[in-house]
Amino acid sequence: MKKIRVAIIGASGYTGVELIRLLTNHPYVQICQLIGNSNIDLEPRHLFNHLYNFNLPKLKKIEQIDFTEIDVVFGCLPHNVSQEIFKKILSDENNQHLKIIDLSADFRFENHHDYFQWYNHQHLALELQKKAVYGLSEINRDKIRKAQIIACPGCYPTSALLPLIPLLKNKLIENDNIIIDAKSGASGAGRNVKTSNLFCEVNNSFKAYNIGNHRHIGEIQQELSKANGNEVKVDFTPHLLPINRGIISTIYTKLNSNITIQDIKNCLLTSYEDEYFIKIVDHEISLSDVVGTNFCLLAVNSGNNKNSVIITSAIDNLCKGASGQAVQNMNIIFDCDEKLGLENTPIFP
Amino acid sequence: MKKIRVAIIGASGYTGVELIRLLTNHPYVQICQLIGNSNIDLEPRHLFNHLYNFNLPKLKKIEQIDFTEIDVVFGCLPHNVSQEIFKKILSDENNQHLKIIDLSADFRFENHHDYFQWYNHQHLALELQKKAVYGLSEINRDKIRKAQIIACPGCYPTSALLPLIPLLKNKLIENDNIIIDAKSGASGAGRNVKTSNLFCEVNNSFKAYNIGNHRHIGEIQQELSKANGNEVKVDFTPHLLPINRGIISTIYTKLNSNITIQDIKNCLLTSYEDEYFIKIVDHEISLSDVVGTNFCLLAVNSGNNKNSVIITSAIDNLCKGASGQAVQNMNIIFDCDEKLGLENTPIFP
Amino acid sequence: MKKIRVAIIGASGYTGVELIRLLTNHPYVQICQLIGNSNIDLEPRHLFNHLYNFNLPKLKKIEQIDFTEIDVVFGCLPHNVSQEIFKKILSDENNQHLKIIDLSADFRFENHHDYFQWYNHQHLALELQKKAVYGLSEINRDKIRKAQIIACPGCYPTSALLPLIPLLKNKLIENDNIIIDAKSGASGAGRNVKTSNLFCEVNNSFKAYNIGNHRHIGEIQQELSKANGNEVKVDFTPHLLPINRGIISTIYTKLNSNITIQDIKNCLLTSYEDEYFIKIVDHEISLSDVVGTNFCLLAVNSGNNKNSVIITSAIDNLCKGASGQAVQNMNIIFDCDEKLGLENTPIFP
Amino acid sequence: MKKIRVAIIGASGYTGVELIRLLTNHPYVQICQLIGNSNIDLEPRHLFNHLYNFNLPKLKKIEQIDFTEIDVVFGCLPHNVSQEIFKKILSDENNQHLKIIDLSADFRFENHHDYFQWYNHQHLALELQKKAVYGLSEINRDKIRKAQIIACPGCYPTSALLPLIPLLKNKLIENDNIIIDAKSGASGAGRNVKTSNLFCEVNNSFKAYNIGNHRHIGEIQQELSKANGNEVKVDFTPHLLPINRGIISTIYTKLNSNITIQDIKNCLLTSYEDEYFIKIVDHEISLSDVVGTNFCLLAVNSGNNKNSVIITSAIDNLCKGASGQAVQNMNIIFDCDEKLGLENTPIFP
């Protein structure tokens, strides 16, 4: 197979370097360009010592890149920035062949009012927003295959949507009683240097943040409402774990009348029976079971209250929650086996 | 003031050694007896190197103890064991003066059927069970003062009951819609040697456990129902954090009609305005703010859904959630300033 | 290529499960038997949830195994036990074809008096001890290829011997002035349930242990003395890091007269120029650069004193320090590319 | 006793906030001024949530302070900055009564060439440098009592000097063969926002840094040479532990002829027999034994080589290694019991 020629914009953050990890394991990928706005002409191994063993292209500025020699661009940029960069790239008619796999929030919303509501910023590339597909691989595979722009879901939304979409689609749970209590490792905050991300501030501690109003609520509600056909509103609280990677979302919801816990399990088992990366399990899920992998583990339990359902969902936020799903989407687009680049056994302990 | 003569049974576990930490800081306490069933005749400093600087009594077997020279006994024993030990001690008519402050679950239930339901064990000291008071200091202070047996609450229940009792008592929230998503450090599992407590199994990971059926549901529901006057049922999920100490409970509930978030805050502010150890704060609470202290920090937020309330509650599970509250109860019983032994600034970072 | 048929004895400890991780990534290996003395008939996925995705043989007792269908046996047993088990297996004349790759200390010593000195136990399989080769892959490759029994080096010795053997062989450093200050993650202690391995005892702390008399001194001195031709004695202090995996050894030694730091670097560069798994680097080495991999990173620095050399050496104790080197040795024996099963990019962050 | 009126310059870093922790526990101290160059007019509780329970003065700029109402100023400033600030303060003749307790490196060197060598900066307050005393409390107590400026030692030097000074003074060990392998928690790097201090970069990892040339070598050698009467040179390697607090220095040295390990122990026991904060112990020292306290624990072991001595020394880098020793020095100057503000039991686990 001809190699897929890849460029990564924003290659020196955590999602960028995770893409490098996964793509260097991919037999049909050539990493052709790494693009940043600092450390220009540096090899990645000098930015990330763990890459000592890899020969990778030096970082370049975006102005230096000839995108006609690239097949797919991964965007690892902050929201608001991403839309401007891709608008510019795609305004060049020589670049119309490009596939864009964006990891920012910029193309996740179908309605620009929603984008404005949650990101407090006028969308500047409305025509691109319309072309984009929400890149939840297992749910939107067919649309992803045909789209030019893939808006990869946020990490928290990935962990919540995978269990909830089939249940709401099949009307098994109440649509106005969904609570998502999510806990994420610190890499979710990116490689930004600020006091609250310092080792001594995060280590040995734990906290809830953005309680009741985190931006990811927007895309969760958009996708759940589409699945259910009615407006779905959720309560969502993110928490910061003193670990590097991983999200567990503990989801509380209520059975619709005449629905049993077994119906919930069966729905998930059936919905995902052909999916390699989604496993419905019976044991207590630990983050160490998924860290470093593209898997999503789901477990369904009854609560103590009548009709209560408690679902735990675990992913690696940088992998299935970001770069891994991005690679999975690339595999879908380029008609590869979806597992390529994404098979590795969890490291335990 | 004459010193309070203290004995600790089960002095070599984490709650026992935490009692030692707190009581050695207490100006009016003399630790007279440390009781165990192993390491007999050893000084605590040889079991716990961090006690190198303390002269403490050697461990003794319970048979060696003359309780007539003791004022108060702290029980740091497993449930089921505690009731038998204290039954025996109190069966001696010379020991009727003793105050018992028990940290196990054995005397927390008013109804022995509830005890059986959650602990799967016939209660063997029914007459003592009747004499016991649930030792949630701020709520039951007057009863604690007069009781012979104080059943100190579990760690999770302490974190959940302190915010919820005033709200249910004042009928500000729905009594059939309470979800407690709690996260605890590993010391909550005690110093038991089993694979799941090993460093390599807990470190770098996170998990939910006993989903929907953890034993602490029993005492939470007992106390909430009493406060509300109607039966209250809760959904509760405990999680294991890769840190030593601390619990954050994220509590989801619904406003009763015509009640506002501000009413919730006001209720807590008013209920606890004279309480030194309970603080209602406006910022995001971190566990590092309470670790090592007897404080409970509470924050009230509105959710994204109409009428949703999200309360975060943080304590140190070994201190306010166990040994600290036990010392606070001792202070109440012996009419000391409640803060004695319990004032220390959190260590940060 | 015909698949190598593998059995693992002691499959439920950390080195056993690391072997499973590596061998499931190996294209020419079939894991045929997993052998333990508990959990018989259980699939590994029920012991180790992170193996949910693998179909592996159920655990069996050693008595149930027909070794004529096996090519190579990995031993993940405690010292003293290993020699008895393998003596029994090899006493059967049908098993003479077997290759033994042992991860215990039982076959590391050429002289049984040394074994007795450090392990305080009479060696019970002297005839096997004589047949064994010390399995430091890069140093003893040719002997490993031909041997029936490979005694894989200890984790600390691997990190110390790889830099020191070439330097002592070439007489570049003083042979009576070698200090190895080593720091290891907690998995080095295995999956043994004892108080000192509990999460709360290791987390947030750090300590030196077995100061001046750790058993690994024996094999370090044996191998260094062989390399140098004169008796070499070392001072060695192991320390326990609050992380799961990884060893950094900081090695202090003195240049021989007329030798420069550059000579040291050149010697290592030359000695290991064809070695994939050993990298001599110029930057500060972090454990996160090697965790999960079979690499050994080495950095050479001058000290503040004249003639002082400070070498840092980093490996993953469970991989290059145990199971990874064991697989590398298997690749050597069976004439495979040494990298098979052992290529994976470090996960960062 | 009249309260000591304290000002802290640089109150929003880790050593500043540790001073606040200790001084709020001190019965004879009033924290009068907290001085910074940002967050002016903010109360510390808004910068450090763990101070929610304290009423402390708002941060002010140095220009706003009337130092005639202050008895002692603690300096928690970067080196190079400290000398300029204190030069300015002491140039005012109204401020001659002030005692200065400086935690920077600026006044630690007796010889400004040494300062230049290690800090690469011309000293700008030579006349103050001459007045300063090196504030290693147990060693220089008498000089500290009379000095106007106390240069508190660095954290690494404190851990190394306390065991080595008595041994070199008494000529028990070789003075040209001292290796200090030190491991510190991440708070030693301060609260500076840079990539290498981020949680995800430090967590789960470990590394040596500034190998062979760390600045603290300068002050270690100055003090050891003074103690010994001959020039002493040391090799020193600092390492970064993935914990918040604590230093263990593992020190390797050689016995002088006719000296025994017992002589070493006796020397330390005798030298420190009246010292509350220094304990010579027989067990393996863990950092958790000293974190949060002002203790220094020392253990002496023989090595494997003839005449080798291995000493482990443990302190809390922010306490005995910085702010705790500063408070101890304040107690010396103002003739208080040295333990005031500094007595608290380690928190374990």
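Should a chain be cited, it is by its letter among A, B, C and D, assigned in written order, with residues numbered from 1 in that chain.
Rule of thumb we're sticking to: a residue touches a chain if its C-beta (ideal position, glycine included) is under 8 Å from a C-beta of that chain, and two chains touch if they have at least 3 such contacts.
Predicted model, so just to flag it, every value in this text is computed and none were measured.
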| item | value |
| --- | --- |
| Farthest-lying chain, centroid of Cα atoms versus that of subunit A | D |
| Higher-contact pair (C-beta pairs counted), A-B versus A-D | A-B |
| Distance between the centres, which are taken as Cα means, of subunit B and subunit A, whole angstrom | 40 |
| Centroid spacing, where centroids are CA-atom means, of subunit A and subunit D in whole angstrom | 46 |
| Sequence positions of subunit D contacting 2 or more other chains | 14, 187, 200-201, 203-204, 242-244, 284-286, 288, 291, 349 |
| Parts of subunit D lying in touch with subunit C, wherever the complex brings them together | 176, 179, 181, 183, 200-201, 203-209, 211-213, 217, 233-237, 239, 241-244, 246, 248, 250, 252, 284-288, 291, 299, 301-305, 308, 310, 312, 349 |
| Interfacial residue positions of subunit A with respect to subunit C in the complex | 14, 17, 20-21, 24-25, 48-54, 187, 204, 244-245, 279, 281, 283-286, 288-289, 291-292, 295, 297, 344-349 |
| Complex contact set, residues of subunit A against subunit D | 14, 186-187, 191, 193-195, 197-204, 242-244 |
